[in-house]
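Below are structures written as C-alpha cells.
Both complexes below contain subunit A, partnered by subunit B and then by subunit C.
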Partner chain A sequence: MRKYINRDALLNLMLSNGILLVIVALILVTGAIEPNFLTWRNLVNVLRQNAVVGIVACGMTYCIIGGAYDLSVGSVVSMSGVIAILSINAGVNEFLAIAYALLAGLGVGIANGSLISLINGRSGEAFIVTYGMQVVVASIALFPSNGLFIAGRVSEGFFKTIGRGYWPIGLFLAIAVALEIILQRTRFGRKMCFIGSNMDAAKMSGIRVKPHRVSFYAISGVLASFAGVLLCSRVTSSNPTAGVGFEMDAIAAVVVGGTSTNGGRGSIIRTLIGAIVIGVMGNALNILDITAYHQQIVKGMLIIAAVAMDLWNKRIRARRMAHERV
Partner chain B sequence: MLDMDIVKNITVTKLDAVSRGAFLRRRKEAFVADEYVKKLDIRTPSIHQVLSNLSGGNQQKVVLAKWLFSEADILILDEPTRGIDVGAKYEIYCLINRLTEQGKAVIMISSELPEVLGMSDRILVMHEGRIKGELTGIDKTAERVMQLAID
Partner chain C sequence: MKGFKRNGERLGPFLLENAVSMIMIAFMLFMVVRKPSFIRWENIANIINEFAVYGITACAMTTAIICAEFDLSASSVFAWSTVLCCMLCNRFGFAPAVVLTLLCGALFGALNGVLVALVRMPAFVATLGTMTAIKGLAYVVTDAQPINTTNETLKALGQFEVLGIGSAPMVFLAVLLVFAYFLKKTRFGRAIYATGGNYEVARLSGINVKFSKFIIFVLLGSCAALSGIMYTSRILAGWAPYGSDLSLYCVAATVIGGTSLAGGSGGVHRTVIGVLLMAIMFNALTMLGVDGSMQKFIRGLVLITVIMLDAFANKRQRS
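The block that comes next holds the complex of A and B.
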C-alpha cells in the first residue's frame, strides 16, 4: 500500500512538472559538456533575451485563463516600437513617447475586448477577431516607415536605459509577480478564473463578464506594447516587423509553463518558468552546436509534449477522483 | 463551476463580503464555506474539494449555499431536486422550508407533481409557455393541476 502511494506521488510530480524535468536534464547535460553554459553571464543574457517575450506571455496568460487567445500581441509589439521611435525622433519627450506607445497598445486591447464582448465570442471567435486585429495592426506598424527600419535619435536617458543591463529582467520579474498576486489574491483574479472556466455560469453568478473580458485584452495589449518599447530601447531603433511571431512564442511559453489552454486555471509564475525554459533550451541547443533549423523541431515537439502532458494529467486526475468520489 | 472547489463556488456570489479592498481574505472565505458546509450538511472530505467530486445532491447543496450566501430575498430554484437521491431530496425540501420560515420568498420550478403539491403555498400551472391558472389552499390537488394543464 505504501509503495503504491509513493509511486502515485512520483507519477504526479512527473506529470505536473514533466517538461521542467526534461529541461533540468538538458541543462545539466549541457553544463557538463560546456562549462560556459552555466555561468552567471550566460544565464543573465538568456533571461534578458527572453524578458520581452516573457512580458508578452504574461498578458497572454491572463487572456488564456480568461478563456481565449490574443493573437494580436505580435503586431502590437511592432507597432508600439514604431510609435515610440517615431515620437522620439519627432522631438517628443521620452516619457511621453513611451506613454503614446502604451496608449496605442491599450487601444488595440480595448478594441479586441470590445469586439469579442460585443459578439459574445467564445474562444473560436476571439481567435479570429484577434487574428484580424493582428493583420490590421501589422499594417499600422508598416506604413509610417514604408516598412523600413528607423534608427532612433535617442540620447542617454530613461528610454535607452530600460532595455539594457538588468532592467528588462527586473521589469519582467516585477510584472510577473504583480500579475500573479492580482491573479491569485484579488477579486479580479478570481472572476477571471470563473469567466475562463464557464462564461455562462460566471454570468449567472453575477459576474459582469463583458467589462472583465475587455480588461484582459487591455492588459495584454498594454504589456505587449511595453515589451515593444523594451525591444526598441535595446537596439535604439524600430523594426516594423520586430514582433512577428511573438504571439506564438508567448502562447508557447504559457503552454510549456503548464497553464491549461481550456481556461479557468493557470499561473503567471508558471508562464515565467515556461518563458525561461524555452529561452534556456534554445541557448543550450545553440551551445551544443545544433543549428537554428533543427532547434525549431525541438521547440515544436516541446510545445506538443506540453499539451499532451496537460491532457494526460487531467485524465489521470479525473480517474483518481472517480475512485475517491464520496 | 464543476472544476472549482467548494469555497470558490460559495463565495463567488458576494466576493465583496470576503475581501478587503480588492484583495480576497482567504481565511474569511474558508470560514464562510465551513459555515455553509455545516449548515447544509454538505458531505465532503474538505471545503477545498472540487465540485465534480461531490455527489449530485451535494453539488446541488453547494449551489443552494452559494445563493444563500448572496442573501437574496427571493430565490428562484429551477428543478432543485432533479437527478438526486431520495435522502438528498428530503434534505433540500427541509432547507427550502427553513428559508421560507426565515421570510424569504422561494419560486420553485418543478415538473414533479408530488413535489409541487407538497411544497407550495401557491401553484401556478404552466402549459406551453403560458400560465394556465393559479391554485391555492384546498384547490391544490393533482386533478386540478392536470385539469388546468390540459385545458
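The block that comes next holds the complex of A and C.
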C-alpha cells in the first residue's frame, strides 16, 4: 500500500513538473555538447529574444483563464509597431508615441471584449470575433506603407533603450510578476478564474461578467501593443507583418506551461516557464545545428506532449482523490 | 389586419435569420449594376473554379464543427499533400500518387482523431501541435523549395473542363452530395449530430461517441488531402507554404453559412453559401479594383458582422 502511494507521488511530481525536468535535461545535454550554450551571454540572448512573445503570452493567459482565446494579438503587435514608428517619424514625443501605440492596442482589446460579451459569446464565438479582428487589424497595419518596412528616425532616448540590453527581460519579468500577483492575490484575479470555469455560475453569484471579460481582452490588447513597441525598439523600424503567427506562439507558450485551455485554472508563472522552455529549446536546437524546419516538428510534438502530460496528471489526481475518499 | 401584423412581425426575424443570403443577393445586384461583366459566364465559371478547391475541405470542416470539434491542422495537411502528390507523381505516376496522398491525409487525420477522441485533448491545442509538426515535415522534405511535376494525367485532370467548369467543382459537388446524404440520411450522420449536440447524452444513449469524434478527423484529413491534390492538378507544383489560410477560411465559411460553433446543428448545404459568399466577395472586390489590404479589411469586418447577426438571430429564436 505504502509503496503504491510512493510510486504515485513520484509519478505525480514528475508529471506536474515534467516541463521543468525537460528544460533542465535539455540545458545539461546541450551544455555538455556545446560549451557556448551555457554562457551568461547566450542565456541573456535567449531571454531577450523571447521576452516579446512572452509578454503577449501573459495577456493570452488572462484570456484563456477567463475562458476564451484572443487570436487578434499577432496583428496588434504589428499595428502598434507601425503606429509608434509613424508617430516618431512625424516628430511626436517618444513617450507620446508609445502611448498612442498602447491606446490603439487598448482600443482593439475593448472592441474584442465588447463584441464578445455583447453576444454573450463562448469560446467558439470569441474565436471567430477575434479572428475577424486579426484580419481587420492586420490590414490596418498594412495601410500606411502598403506592406513595406518603415525605417524609423529614432534618436537616442527612452524608445531606443527599452528594446535593448536587459530592458526587455526586466520588463517581461516585472509584467509577469505583477500579473501573477493580480491573478492570485486580488479579487479581480479570483473572479477571472470563476468566470473562466463557469460563466453562468459566476453571473448568478453576482459577478458582473461583461465588464470583467472586456477587461481581460483590454489587458491582452495593451500587452500585445507593448510587445510590438519593444519589437520595434530593438530594430528601430517597423515591419507591418512582424506579428504574424504570434498568437499561435503565445498560445503554445501558455499550453506548454501547463495552463488548462478549458479556462478557470492556470498561472502566469507557468506561462513564463512555457515561454522560456520554448525559447531555450529553439536556441539549443539552433546550437546543435538543427534547422528551423526540424525545430517546427519538435515544437509541435512538445505542445502535444505537454497537453497529454497535463491530462494524465489530472486523471491521476482524480483517481487518487477517489481512492482517499474510499 | 391581424394577419398583416403577424406577417410584419415575422419579416424581421426572417431577414435576420437569412441575413447572409440577403447580404449576398444585395451585393450581387449591386455588382450587376456596377459591373455588368460580373454576370458573364466566364466570370461565374471563374468564381466556381475558385471556391471549389477550398470548398472540399470546408464540407469536412463543417462536419467536424457539427460534432463540436475543429481542426487547425487541415492547412498543413493540404500543404503536405501538394508536396507529396508532386513527389509521388514524379516517381510512381498518377494513380499511386493520388491513393497514397489520400491515405496519408487520412493517417494524419487519424492521429488527430486519436489525440482528441481517445486521449481527450482539446482539439484546438492537439491540432495546433500537429499543424506545426506537419508543416515542419513539409518544409524538411522539400528543403523549403517548391517541387514541380510534369505528370500528364495530373495535368489533364487540372485542365479538364466542361463549359469553363473545371474538375475541382465536380469533385466538390460529389463530396458535398456524399456528405449531405450521410449527415442527413444515415444513422452514422445522426450520431455525429447527437455527439456534437450533447456528448454525455449521446454516450448514454448508446452512440459510439469516440468513434464519431475519431472518424470526423479522418474524413477531414482525407478531404484536406483531396483539396491538395485538386490544387496541385491546377498549378502542377507543391510547396510547403501553400494553403496556410485554409483552416481558418473553412471555419469562417462554415460560420458565415450559419452552422453554430456550439455543435449539433447546421449542415454542409449551409456551408456552400458561406464558401460562395467569400468567393463572390473576393471576385467582386478584385473586379472593383480594391487593393489587397483593403480587401482583407472588408473580409474581417464581414466576418465579425455575420457572427454578431447570427448570435442575435439565435437569441431571438430562443426567447
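Following the convention adopted for this analysis, the second predicted complex is superposed on the first by the 323 of 326 C-alpha atoms of A that agree within 3 Å, B and C clash if a C-alpha of one lies under 4 Å from a C-alpha of the other, contacts with A are read in each partner's own complex, and residues count from 1 in each chain.
In the analysis below, a contact is a pair of C-beta atoms (placed from the backbone, for glycine too) under 8 Å apart; a residue touches a chain by one contact, two chains touch by 3 or more.
Just so it is clear, the model here is predicted, and its values are computed rather than measured.
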Answer with clash or fit: subunit B and subunit C placed together on subunit A by superposition.
fit
In the overlay, answer first, second, both or neither for which of subunit B and subunit C A:T241 touches.
neither
So if I put the vertex at the Cα centre of subunit A, how wide is the angle out to the Cα centres of subunit B and subunit C? Nearest 10 degrees is fine.
90
For A:N89, select first, second, both or neither according to whether it touches subunit B, subunit C, the two together, or no partner.
neither
When the two structures are laid over each other on chain A, which of subunit B and subunit C touches more residues of subunit A?
C
Just subunit B (first), just subunit C (second), both, or neither: which does A:L118 touch?
second
Touched partner set for A:Q296, first subunit B, second subunit C, both or neither:
second
Does subunit B (first) or subunit C (second) touch A:N286, or do both, or does neither?
neither
Just to confirm the value: shortest Cα separation between subunit B and subunit C in the superposed three-chain model, in whole Å.
16
Quick one: in the complex, what on subunit B touches subunit A?
1-4, 8, 12-13, 15-16, 19, 22-24, 43-45, 50, 52-55, 58, 66, 70
The answer for subunit C against subunit A in the complex is residues 115, 119-122, 124-126, 128-137, 139-140, 144, 248, 251-252, 255, 260-262, 292-297, 299-301, 303-304, 307-308, 311-312, 315
Which residues of subunit A touch subunit C in the complex?
69, 115, 118-122, 124-125, 127-129, 131-140, 142-143, 146-147, 248, 251-252, 255, 261-262, 291-304, 307-308, 311
Residue positions on subunit A within touch of subunit B in the complex are 185-188, 190-191, 193-194, 197-198, 201-202, 205-207, 264-265, 321, 324-326
